[in-house]
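Presented sequentially are two complexes of chain A, the first with chain B as partner and the second with chain C.
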Partner chain A sequence: MTAFLVRRLLFALVLVAFAASTALLLTRIAPGDVTSQLGPGATQAEITATRARFALDRGPLAQWVEWAGRALRFDLGESFLYNRPVAPLVRAAALNTAVLAFAAVVAATVLGLGFGILSGSRNDTVAAFVRGVSFVSISIPPLLASLLLAFIAARTGWLPVGGMSSVNASEMSWPLWLSDLAWHLPLPVLALALPLSATFERLQSQSLAEALHQPFVLAAMARGVSRRDLILHHAWRVSLRAICGVYGVAIGALLSGSFVVEYVTAWPGLGRLMYEALRARDIYLVAGCAAMGSFFLAIGTLTGDLLLAAVDPRVREAETA
Partner chain B sequence: MKRAGIALVATVALVALLAPFLAPNPPEQRFSNLLYAPPTRVYVRQGGFRAPYIYEWRVVSRLERSFRESRVRPVALRWFTDGRLVTADPANNAPLLLLGADAYGRDVFSRVIYGSRLSLALAAIAAALAVIVGGLIGAIAGYAGGRLDDLLSRISEFVLVLPAMYVALALRAVMPLVLPAASVFILLTLIFALFGWPIVARGVRAIIASERQRDYALAARAAGAGPVRVLRHLLPAARGYLTVQGSLLIPAFILAEATMSYVGLGFPDTTPTWGTMLQDAANVTLIVDAPWILAPAAAIFSVVLAVNLIVQGTGRAPVQLER
Partner chain C sequence: MGVFLTAALIIGGYYWWRAPRSESGLGPGAVARRGGQLVASLRSDPRSFNRYVARDFTTDAVTMLTQDRLVRVNRATFELEPRLAERWESSDDGRTHTLHLRRGLTWSDGTPFTADDVLFSFAAVFDARTDSILASSLSVAGQPMRAASPDADTVVITFAGPSGPGLRLLDNLPILPKHKLQSTLAAGTFAKAWDTRTPPADLAGMGPFVLREYQPGQRLVLDRNPRYWRTAKDGTALPYLDRIVLEIVPDQNAELLRLQARAIDATQDALRSEDFVTARRAEQQGVLTMIELGVALDADAFWFCLKPDVKKKDPRFAFVQKPQFRQAMSHAVDREEFAQTVYLSEAVPVWGPITPGNRQWFDPNVPRYPPDLEKARTLLKDIGLEDRNGNGIVEDEAGTEARFAVITQRGVSSYERGTTVLRERAAKVGIVLDIVPLEFGAMIQKMLASDYDAIYMKPIATDMDPAANMDLWLSSGSAHFWNLEQKTPATEWEKRIDTLMLEQAAANDDRRRHELFNDVQRILAENLPVLYFAAPRLFAAHSTRVVNVMPSVLRPPILWNADLLAVSGAAATATPAPQ
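And now, the complex of A and B:
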């Protein structure tokens, strides 16, 4: 198990380094640089100074070496857009994205597994209804879901449409601030979780239905195990394997989806920050965001694998061997 | 269910094909006194029934974007004139706006129809490219085995694990931000195909790897067939898989185009695609006042739903993680 974790951690480090370096070099060789943000009125001296500040007057390779040397000491350079060090900016944005993504995963899991067990264990109009709803939800990806929910929220005034907190949030006491956050959370979370929970529901429903047809369930039924125990204790545990296998993939999809949701609902997360940085060619900010994004990805896939190992002893044995 | 899906896809494709005939107005035409005008109401009764006619929209307040019908004079619709199915006489200043008008006073309905052409063509070409490249690479990996297989599989696994939207965004953003529509089309096609091929390759590899152990493949090799010839025998086994994957990629790519254009990294604003049209919807107060600008979202939904309906019929779970 330790060897497995060490191997995965090494892989994560390589992934983060690779992603950040690629982002840095790509931004560097892209046409245009951050000096275009100075506006047309900038003097030659300002442009030269800015280029020197971001090491744009040196070769891409020299810049990378310098940046990598500092990055090893967790100094990710400065952002032009915000005129501040990159590290705290990325950390704050990453936290916001993590809150959003984590809430979405929890919501999708609760909704998806709950309704999946319901529709997978019976064969009546309720199951058919759940199946139909989830079929439509699967066809509403985050872009459409966030637009639709924003429309509904704006029309009815039930929920705030954009942002993560109200304008006066900084003056609030923390319980008030927390409830303000909780008020802003449901819309983006739902937009992100809706198609995902539908995917989970379909998977859970199918795998549970399959598990219920296996001989060991028949054997348990013959022993007189109640139907409830049969579904929840015997069949469900086996059916979980299919769900846990998809978590790793879901994380990538979640990160992709969270960009759209953050953009539409003005959630100050990593996706928005990276988008701004890319457009402005804010080179160190791009690299920092890429590093954080790939770190999330590594954590996500690792969590997926660990979940799989937790429910499937065969995977566990294969990894320790 | 499957039939309904196929019918829906066929309808959308037909509409895209016949866009110049079906659209009541040219997609670029701006009706400058009809910014955000609501959908035109079509009447068929005046005393008794008569041929469909409409009324002219008159601006009540530009600021509040409110309009009223000027009931003075009904405007008859003209059928099969100027190569269009139905339109209103331009002389009357009362265009037929079936889904209202957008920020520039352009006909949303006509733009959705015209927009489907670029959105669908882009997605279809990118999906075809991904299927061809992925199929070939998967076939080579599955047939060759060993080192080459390892290498190709690792590469495709690496691309698969990337959060596609971010990398696509980064790749697009490092290109010049303003490009003509044709360059954007080629660029997006290539970027999308880049993310599509590994999905295809992985499945084809598995099919070919198991298929080459079968007797008929061994027989072909024993008869002296070279790798290319054997592969030609093996590839039909992957046909079903390729069809399903190819059709799943299309809605994913339509959505990717929409996302890119929505955030301003896709086609130029003037080019009608479903994505560029949705840019108007970025302003929430506008969605409330003029919900018809969400029409492209409905169009995207119908295509995604249609493909899910088709794929479900083939016995595959409609598991479509957004990529």
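And now, the complex of A and C:
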């Protein structure tokens, strides 16, 4: 297991370096650069100074070498948009995204697996209804889902329309601050969790239905095991392999930040920061966000692998070997 | 999950039809009260708290709330009004201005405000190490203004030459506290001072509010400045509000939803045309108030690249550079139809860059080009362009077709509609326009490199006074966008405009300045280096609980007079605010 973890850690490091470097170079060679943010009225001197400040007056390779040298010392450069170092900006946004992603993963898991067990273990109108709604949820684009939920929140007043905290959050005590954060979570969490939970529901439903027809389940049934125990203690554990297979990627994708949901709901996370950076061609901020996003992706896949190993002894044995 | 989603949809639909009713619905005669909090939205974070080095809108808006100027151009009346200077006298030649500062004023931290702060601000803005973005707007005849102070309450400002805008130029200069920033100027680090990491306690201002807290990506919280100098007519200390919160809402759709939900009271911008229906419905339901700001100061523009150095080998340049070609394009477009389609009828036709929104400088008598397809075809034929092979596209004798790629900014709905109308109308006279939407950065890069056929976008003027927009008018200007930064004027008419604008900018007599600028507008409309079609009527919306709103066509439309804004339900009563 230790060797496995070391291998995955090395993989994560390579992934982070590759993703950040690629993001930096692609941002550099794409048409336009950060000086376009100065506007058409900017003087040539201002443009030249800005290009020099962000090393855009050098070749892409020279710029990458300089950036990589600093990045090894955890200096990711400076952001044009925010006029401050990239590293703390990315750290703060990543923490916000992690909070959102964690809540979304929990919600998607509970909803997806719960309804998946329900629809996979029976074949009636309730199961058909759950399947139908899942298909709709998978099909709704995140932008539409976010706007729809924000619209409902705006019309009903039941939830905040957006943001991560209330206006007076900084004056709240810790317990109140946490409850305020929890109050702002449902809207973006639902926007993120709905399609994911629908995916989990479909996978869980199909794999459970298959598991229920496995010989060992039929044998247990013949031994007189109750249907409830049959589903929860025998078939469900086997059926989890399919979920675990995609769990890591799903967690990684959520942690990398969903720019659409974060943008619409004004959640100050990594996805929104990356989107703003890309729009402004804020080159070092793009690279920093890519590095953190790929780090999260690596964590997600590692989590998925560990979960898979936990539920499937064959995987454990293969890794040990 | 399905049950939840379906229930949410049903409940959402139910509430859509059963819309909330007005809570307060204050009428126009509502009384302003001291206290309360107003929540407004911004689209992005500030780049700095030092306006001298940051040109972004958020920095400007925060500066407007926290700092003050010697004099200010009132955003509603466009008149010059006293601020930190209570009165002034100007010499006959308009070069020397003596400003008398208000006495007994203090910065938000309690330090007395004196003429030294003004001198420091001038020194900082013109310091070469600051490389201030404001320096050029505070220069006259290419030279920086000079400031001196015979005593602690008087400042004498001298221009290197005569200036048409005169003291209006000082509207660009927020006065900064010497006691807070002097050391940075001495150390040559002023340009880095007051970045967004600066603790709010280290900032000081003369504006109506002080920064209390900045949460990146979320909000700025500004508290009432208890030492603000201005009072209402009845002596009530301004500002009325105890606090302004600026929520950062990047998405404009979400911003409107928040306004409808009463989560914010005002927005940073005018509404988009496509939001009018929603906003009007919310207004009828008593949720918000819509206000007409007036006709926009800037209109969408369409122009061809007219840079001979770059285009001389392009066979199309032979006809594009002729005014008749561009006049034909202008005749091909029906501006009334354009206004209806692009701005859903909330726009007025325009024939030049100065729209009716700029009441001081708009000339209604510039040459116009009524929609006339026959006239357009005749003009094209006069310069040798006709459809010789029957493929619907006009070409010259050498067979060069009038076909152009038009770049525009991706994702701007009015640009998408505008280019569609333009393409359809141009096709009717045999000109093909292929629309190429690009990211903003890529578009600007192509524009600066003159690497394009044509562009459709909205250039933003930096000031209403033409003399403050010399970069646009002068052929050597960095915003003379159809042919940037010419060493010598490429055409006779541009040379003529250069002469007129230099004279206009230096003239003291207002009537003479108008005569000269009307000539400039006429010459531009005759030669049409840029085609303008319609300027939108701007509307803003705010919560019904906000009172004392003086709408402005300039950004920000509501917050610009934040010291007079008030909200219903506040504690103490005050009389209506002074104008």
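Quick note on the criterion: the second predicted complex is superposed on the first by the 302 of 321 C-alpha atoms of A that agree within 3 Å, B and C clash if a C-alpha of one lies under 4 Å from a C-alpha of the other, contacts with A are read in each partner's own complex, and residues count from 1 in each chain.
Keep in mind that, in the parts below, contacts are C-beta pairs under 8 Å (C-beta built on N, C-alpha and C of every residue); 3 or more make two chains touch, one makes a residue touch a chain.
Note that this is a predicted model, so its numbers are computed, not measured.
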Legend entry - Fit or clash between chain C and chain B when superposed on chain A: clash
Inset, instruction - May I ask you to decide whether A:P31 touches chain B, chain C, both, or neither, giving the answer as first, second, both or neither? - result: both
Inset, instruction - Tell me which partner A:L111 touches in the superposition: chain B (first), chain C (second), both or neither. - result: second
Inset, instruction - Using the touch definition from the top, say if A:A93 reaches chain B (first), chain C (second), both or neither. - result: second
Inset, instruction - Could you look at A:S165 and tell me whether it touches chain B, chain C, both or neither (first, second, both, neither)? - result: second
Inset, instruction - Would you check which partner chain A:A45 touches, where first means chain B only, second means chain C only, and both and neither mean what they say? - result: second
Legend entry - Partner chain(s) touched by A:R279 [first = chain B, second = chain C, both, neither]: both
Inset, instruction - Tell me which partner A:R84 touches in the superposition: chain B (first), chain C (second), both or neither. - result: second
Inset, instruction - Mind working out whether A:L176 is in touch with chain B, chain C, both or neither, as first, second, both or neither? - result: neither
Legend entry - chain A: partner with more touched residues, chain B or chain C: C
Legend entry - Contacts of A:V264 with chain B and chain C, given as first, second, both or neither: both
Legend entry - chain B collision site on chain C, chosen from 437-445, 491-499, 527-535 or 545-553, when both complexes are overlaid on chain A: 437-445
Inset, instruction - List the residues of chain A that touch chain B in one complex and chain C in the other. - result: 30-32, 136, 147-148, 150-151, 154-155, 161-162, 263-264, 279
Legend entry - Touching residues on chain C, where the partner in the complex is chain A: 1-6, 8-9, 11-12, 15-16, 19-20, 37, 39, 44-45, 47-48, 54-55, 131, 133, 136, 195-197, 213, 215-219, 221, 245, 247-251, 253-254, 257-258, 260-261, 263, 438-448, 459-460, 462, 471, 478-479, 481, 485
Legend entry - Footprint of chain C on chain A - complex, ascending: 30-34, 36-47, 49, 81-84, 89, 92-93, 96, 111-112, 115, 129-130, 132-134, 136-137, 147-157, 160-165, 167, 170, 194, 197-198, 201, 263-266, 268, 272-273, 276, 279-281
Inset, instruction - Going by the contact rule at the top, pick out the chain A residues touching chain B in the complex. - result: 23, 26-27, 29-32, 135-136, 138-144, 147-148, 150-151, 154-155, 161-162, 195-196, 199, 202-203, 206, 246, 249-250, 252-253, 255-257, 259-260, 263-264, 271, 274-275, 278-279, 286, 290, 293, 297, 301
Legend entry - Touch list for chain B against partner chain A, complex: 161-166, 169-171, 173-177, 255, 258-259, 262-263, 278, 281-282, 284-285, 287-288, 291, 294, 297, 300-301, 304-305, 308, 312, 317-323
